[in-house]
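What follows is a pair of complexes built around chain A, which joins chain B in one and chain C in the other.
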Partner chain A sequence: MLSKKLKILWLTAITCNGNTHSFLNYPHLDIFMDTFEFIYHPSIDSAYTLNDIINKEIACDILIIEGSISTEYIKADAPIVDIINKYASKVQKIVTVGTCASFGGMFRESDYKDTTGLHFDKERPTSLFEHIKEKTISLSGCPVHPDIIANTLYSIEKKRAIELDSLLRPKEFFAYTVHNGCTRNEYFEYKIDNHQFGKKEGCMFYDHGCHAPYTHGSCNKILWNEVNSKTRAGLSCMGCTEPTFPKGDFFHTKKNMGIPQYLPFGVAKRTYLTLAGITKAFHIKRLEEDLFDD
Partner chain B sequence: MSIKRADKKKEKKELIMQRALELFASKGFYSTTIPDIALSLKMSVGNIYNYFKSKDILAKEIIKYISIYLGNKLKDINEKDISTQEKTRQIVEVYFGVALLKPEMIDYFLRIYLSNREVFQDGCEGMICVNEFVTEIMIYFEEGVECGDLRDQDFFSAFGLFMGYLGGMVFLKGENILPKKLDEYVDDISINIYKALRT
Partner chain C sequence: MIKLIEKIEGEAKLNFSFEKGLIDFVEIEFLSTRNIEKILQNKNALDALVITPRVCGICNHAHLMASVQALESCYEELELSNRAKITRELTLNFEIIHNHFKWFYLTIMPLMGYKQYLLKATQPSQLMAKAIATIAGQYPHTSYSIVGGVVSDIGMMDLIKVENYIDKTLKFFEQNLVYAKSDEFLECNNSNKLLSKEGDLPNLVNKIKDNGWSNVGKSYDRFIAFGENSYFKKGKSIKTRLTTNIYIDKVQEASNINSYAKNVLYKERYYEVGPLSRAMINKTPLIKDSHRKYGDSILSRILARVCEIPQLLNHSKKLIKQLDLSEPSYIKPKIDISDITALGSSAIEASRGTLIHKVNIKNGIIQKYDIITPTQWNLANGTKESLGVSQKAMIGLENTQLAELSFKSFDVCSVCTTH
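This part shows the complex of A and B:
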């Protein structure tokens, strides 16, 4: 009997397989596999080998790409570009998982020539895969959260309209900033950093390099391992969902004469400084004390 | 309130602040009373209280008024597409220009705002009442560092150098010690400041 499951090809290019690892932590993988099947996945049992994928004509509904792309990169004797083109023409949707596949990411720095994401080199649009752009959804992140992969695939399966931003990311997950929902928001409001990594007190924007106010993502709404986020746990957000990742200055805020160089999205410098001047003038004792130990 | 009436009220408020400024500068803050201000404006004391509930409130409003006045002038400079060195010169020029045209403003800032902190404690915490002015100085510094012209350092070490120097010159001028006119010092002083702050 022919399976009614949606057929997915998970193709890896230049990658550390971080998104595969993230996806393997999806807590409802068994239920997921009732609706989807992998015709090929590098780490999950699948019906075909990579050689079959390259040399045979195999039906496929969704192409997932993990890792950055270079015209020089060869997989099982076939250029990755040819494998992508072969399947891109037949699938309903293409999903890039991770920042490498979406914008180049970490592996943009690899020795392969012109390594980029599928449609973007950082934020600059590229032309190599222009013809398949309208099929693509970018799920950036280093790695992307497994719920975001699974829920996007379910939306495709249910044929729901998925609204995308200008970088092809679903607004559902990327219209927010990571700052949204962080448990340290009160400290942010009153400009209190005095943080030590791993501690519960303090916001990390002012001294410790937190990129969350200018990073799009749902990390503080859809928690990691269903329990926590980087910033809640006490580590600064590194901006891994953005095309500019890795931007550097991960643990220290880049400042010019004491003023952070990167401000929260959409907030003009003058507005920020005016507000900062006001809140800095006050001391909120409660927020300067430890939450637990007296 | 109609727009016309609101404008009129604003005008009157500014008039009171301007006159109070002049009196504070010439007679001193503590020796100037609300009746003195009323008398010199030919207004009734009660009417002045319609605009400002107390002398302390008037004092705070005046410092905000000066901050907005200077802040707007610096904002125009910050928004120009000119080098940091030229911005430095124009800021010094504007500051000395105000010291010449409206000496009571700079005088108020230096002698009253900075020396009578007790008056400004409640409601003017930190730099709230001089926010507009300080914000523009911050933008001038920040953009100077970002484009590589100015050396990155603590904000206050740069701010102190800039404002302390200008304040000192205006003070010397007020004491009639300067042999030359204040505006003749603009070029040298802006070069000194720029050299001290640049990378």
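This part shows the complex of A and C:
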């Protein structure tokens, strides 16, 4: 009997396999595997080998791409571009997992010629895969959260319309900023700018390079590994879901005349200055003390 | 005959030549590189803490730890609290344990003809990822360990949560891998006694024995481990003769014309790194017994790797008891890294063995960065006259299936090898 499961090809290009391993942290894999079948996956057993994938005609419903793409990159003796094109034409949807596959990401700087994401070189649209763009959903993140992968795949399976932003990312995950839901928000709101690493208190935006207010993502809404997030733990957001990742100088806030170079999305410099002036005029004892102080 | 080896965090090609029906030589070719070392050049030194974890999706945390220690070694004076040291060791232990479950259930069991038990791999590895995330924000790819300590300030309740993840993982081990109390397993110094038990580990190892493969995969019987912490010891062991005086500057990286991976040698000789090496250097009784009976074979390698699971879980419980949460997690370095010009290096024990990072910074900017990964030691592509460790383990075998088993007994990671 033919399997009714939706068939997925998980294809890796220039990558660290971080998205593969992030996906293995999906807590409901048992149920997931009742609905989906990998015709190939980097870790999970599949009915076909890589050579089969490249050389045979195998039915496939969804193509997942992990890793940056270059016309020079060869996988198992076949150009990655050819493998993508072979399956892209037959699948219902293409899903790029991770910032490398979506925008070029960390390995945009690898030595391969013209390394980019599937449809974007950072924010700039590229033309090589223009013909398959309407099928594509970009799930950025370094790595992408497993819930985002699984729930996007379920939406495809259930034939639900997915609303995308201009970078082809599902709005339900990427309309938020990473700042939304951070437990340190009060320190941000009242501009308590004396954050020190290793403390429960304080906001890393003012001095320690936190990108959360200007990074699209749901890290603090859906939480990592179901328990925490980088910013909750006291680590600055690195902006890993954005096409500009990696910006560099990750632990330091660049400033011009004392004003952070990058402001929260949609906040004009004048607005920021006015609000900062007001909040600085007040002293909020509770937020200036340690959380556990009486 | 060329065989493409897949699902090793990428691919590799093994090019076999046979003589009288036995493998006579095998060339190991890794097929791509990403040039992380070049990406790191001219970046701010602290950016290495974000970039190097991206070497590998499965041992990213080890790269973070190697990176932070290499940068800290650039300081003449740097204060680090015990709390930070213990916290780092804990999260690295959790990554090692998470890896070993995945290797056993996703890689080795299917190679031995068993069904791939995906959930047996992910259930305990997810618990370990949760334990890391509780402390470090997320897994994979956190950069919570920074020069001067760790960024997080976990509380007592967080530690209780972590302890529960450890206990649950131990329970998984006792109910799946070896049906015995882990204390009993840890005290066991007789591999035959272990193999008389039930569970996925004894079942698999007994199958190896029944197939007559107990001696398959033997190499030089030379082991080395540079990483040192409260559990692992540093040293080298050649046919059980142990020496503790080893020096990072004697580690050589040699280019390889046929592969993107570079070979790694110590004083011009190939050494095996990884759990079996660590067990030989730590003199773990159960593994010493297995080594006495079966040498440096796939059987000993499998036992050594799985044995680290309860060892490190148990040790982590002890480490948690030593944590003093009144100590600072982070002590700001007196000198900003932008004022540092120095050479630094580190060696830590990652899931697959010794991982070395070397850095040269000038006024806080990376001039040069070298990464030597465990798989470069084990999977060196040597010549017929001077075989790499895994090459030697495959010579003389009768078929490529056994060769693949031997190759993968080193827990191959393509992305690490070709960083």
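Observations on the structure shown:
By definition in this document, the second predicted complex is superposed on the first by the 291 of 294 C-alpha atoms of A that agree within 3 Å, B and C clash if a C-alpha of one lies under 4 Å from a C-alpha of the other, contacts with A are read in each partner's own complex, and residues count from 1 in each chain.
In the analysis below, a residue touches a chain if its C-beta (ideal position, glycine included) is under 8 Å from a C-beta of that chain, and two chains touch if they have at least 3 such contacts.
The structure presented is a predicted model; accordingly, all values stated were derived computationally and were not measured.
Because the two structures share chain A, they can be overlaid on it, and in that overlay chain B and chain C fit beside each other without clashing.
Legend: residue contacts after superposition of the two complexes on their common chain; A:125 is shown touching neither chain B nor chain C.
In the superposed model, the vertex angle chain B-chain A-chain C (Cα centres) comes to 120 degrees (nearest 10). When the shared chain is aligned, chain C comes close enough to touch A:199, but chain B does not. By the touch criterion defined above, A:274 reaches chain B but does not reach chain C.
When the shared chain is aligned, chain C comes close enough to touch A:142, but chain B does not. When both complexes are overlaid on chain A, the residue A:111 reaches chain C alone and has no touch with chain B. Touch criterion met: A:227 reaches chain C, while chain B stays clear of it. Considering which of chain B and chain C touches more of chain A, the answer is C.
Of the two partner chains, chain B is the only one touched by A:257; chain C is not. Legend: residue contacts after superposition of the two complexes on their common chain; A:27 is shown touching chain C, with no touch to chain B.
Shortest separation of chain B and chain C in the overlay equals 16 Å (C-alpha atoms, whole Å). Looking at the complex, you find that chain A touches chain B at residues 255-259, 261, 269-270, 273-274, 277-278, 280-282. Residue ranges on chain B touching chain A, taken from their complex, read 75, 125-128, 131-132, 134-135, 138-139, 141-146, 150, 152-155, 158.
Within the complex formed with chain C, the chain A residues making contact are 12, 14-22, 24-27, 29-30, 33, 42-45, 49-51, 73-76, 106-107, 109-111, 142-143, 196-200, 219, 224-235, 238, 240, 246, 248-252.
Only residues 4, 6-7, 9-11, 31-35, 38-39, 43-44, 46-47, 49-51, 54-58, 60, 84, 102, 106, 110, 116, 118-119, 121-122, 125-126, 129-130, 132-144, 146, 148-153, 155, 161, 328-332, 415 of chain C touch chain A when the two sit together in their complex.
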